[in-house]
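Next come two complexes, and both contain chain A; in the first it sits with chain B, in the second with chain C.
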Partner chain A sequence: MLLLRYRGSEGMVAWAFHRISGIAIWLFVLLHVLDIYLAGGNPNVYDDILKFYASTPGRIMEVLLGAALLYHGLNGLRIMAMDFWPRLTAYHKQIWYANWVIFIGVGLPGAFVIMKPAFGW
Partner chain B sequence: MNVDLRILRYDPERDQAPHWENYQLTVDPMDRVLDLLIKVKAEQDGSLSFRRSCGHGICGSDAMLINNRNRLACRIRVDQLGRKISVAPLPGLPVVKDVVVEMSGFFGKYRSVKPYLINEQPEPERERRQSPEDRARFDDTTKCILCAACTTSCPSFWARPEYVGPAAIVQAHRFIFDSRDEGAAERLEILSDEDGVWRCRTIFNCVEACPRGINITRAILEVSSAIVGRRG
Partner chain C sequence: MALYSRSGRPKPQSGGFELAAWYFMRLSGVALFFLAFAHFSLEHFLFDPSQESATWIFNQRWNSLFWRSFDWLLLMMVVLHAFLGMRTVTMDYLKGGKRTFALTALYLVGAVVFVMGTVVVLSVPLTMPS
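Our next item is the complex of A and B:
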């Protein structure tokens, strides 16, 4: 497949992650519509779903959702910044790496807070 | 040194589909991929087809997919690639034979953006003068050699071949921001089409592929900014 065979650089990887995280967020929105519907439609199932969200696998999914949201948001800002100031395209790789620094800086503490109860802390 | 050269061969009169063929060559590390292709054609298989003209990165004839990245065969050396080298036609364009691709669609898009000076004013006695600052405004996009390495490296183009593509936008940029030209509005209208500048996803493959080092994504974004500014 051409998309996997072509050797792009940071820009192509940034775009691929943007698409993957975008699809992940869209799937979560579908799930969220469903679980919110169940709050009124079938409260027992809703309670069970919330219990799953609080379990360890549910929390791992929540961390992944947070990662997708954080990446998509940060990269979206990178793209918008270049839209407004095309000169920034010369530094698109540096901005992407700066995004990863923010991603780790914000994401790791966030993941810790989400996963804490799973370890009984 | 010995190199393993893999070429994606296709002869429409013989083959059902493209297939890889391997060639063992003894070459100098400073040889270019173009030298390797010429060597294969001269010594191993005279039926190998590829385009080349100037051989020095000016004409843009020999752009191809080399080690899975679009490059000019005359501008990339063996020592930059290693002992295993793969050569395939530019992605996303119909293959005519071996690494020769059908370029008429590409040049049709080039023509669609009116890549020539539009100025209805009476011709001045001497040249149309321009300040160095005004000239600098579009300097980067004057360097394009129409090799198609950028357009065929673009995932948006692979997904939608109707997309006008980076090369045509670069050519449009060269005239849109030329102070002597009066056709900017026409070109911006053409490029605001659904298959115009909005298909750019800032992937930067075009910038990486450009053998002339043009910041193509910047040019595309400047054109889209001009379209938005014109409407605002």
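Our next item is the complex of A and C:
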């Protein structure tokens, strides 16, 4: 599998995660354009789908979606920084670890806010 | 070329469409960093999915040309970025007839998604605040 092809430790994992998260968000967008289309075309069906978004399993999936988006976005900036300032590639691991610090720092409070209503808070 | 790992696609040396696509992935990436995170924060931190009914979209969100334009820009960026990205993924795993078939299907789905998204954001009547 190309997904597991060796690309060099952190760099390979960074690449595999970037690809997996990109595909996952793409799948969500396919569903999402359909549900927003229904909001205009058939509001009752949309409101039913929305109940899933507001449910506990729905919220867990939104946390995962947010995590994929956050990882992909941060790593995307890292890729672009190295594309346009090649000297930064010497620090690609450090930037990747910095990304994880931001990921945890922003992601944990975000996940908390999304999950709150599921606990009745 | 790939002496270092950077997890993106190496810049195509060929020019033409491949190079344009490479640049566009980066341009739309920067745009999405703002648009997608703003949208996600709006739907989850400013509001909550439990209140985002169809009526809410018509009366609170799509009552404004600004937000309609914002949503349409987000739609355009995300469709082009995600489908160009999926094109790279497809070309990495498939070749020959399977590749042609998968890419044709991908572009068709992309066109349908773009049209559906555009139709709904344009067709819901603009309700003026009373």
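Simple rule for what comes next: the second predicted complex is superposed on the first by the 113 of 121 C-alpha atoms of A that agree within 3 Å, B and C clash if a C-alpha of one lies under 4 Å from a C-alpha of the other, contacts with A are read in each partner's own complex, and residues count from 1 in each chain.
Here, contacts are C-beta pairs under 8 Å (C-beta built on N, C-alpha and C of every residue); 3 or more make two chains touch, one makes a residue touch a chain.
Model, not experiment: these values are computed from the prediction.
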When the two structures are overlaid on chain A, which partner does A:Ile79 contact: first (chain B), second (chain C), both, or neither?
both
Touching A:Met61 in the superposition: chain B (first), chain C (second), both, neither?
neither
Could you say whether A:Trp15 touches chain B, chain C, both of them, or neither, answering first, second, both or neither?
both
Partner chain in contact with A:Arg87 - chain B first, chain C second, else both or neither
first
Between chain B and chain C, whom does A:Val29 touch in the aligned arrangement: first, second, both, or neither?
second
Could you look at A:Gly41 and tell me whether it touches chain B, chain C, both or neither (first, second, both, neither)?
second
Using the touch criterion from the header, give the chain among chain B and chain C with more contacted residues in chain A.
C
Could you pull out which residues of chain A sit against chain B in one structure and against chain C in the other?
2, 7-12, 14-15, 79, 82-83, 89-90, 92
Quick check on the complex: what are the chain A residues that touch chain B?
2-3, 5-12, 14-15, 79, 82-84, 86-87, 89-90, 92
Can you list the chain B residues touching chain A in their complex?
65, 67-69, 91-92, 153, 155, 158, 201-205, 207-208, 215, 217-218, 221-222, 224-225
Of chain C, residues touching chain A in the complex:
4-8, 11, 26, 29-30, 32-33, 36-37, 40, 44-45, 48-50, 52-55, 57, 75, 78-79, 82-83, 85-86, 89, 92-93, 109, 113, 116-117, 119-120, 123-124
In the complex, go through chain A and note every residue touching chain C.
2, 7-12, 14-15, 18-19, 22-23, 25-26, 29-30, 33-34, 36-37, 39-41, 43, 46-47, 50, 53-54, 58-59, 62, 66, 69, 73, 75-80, 82-83, 89-90, 92, 110, 113-114, 117
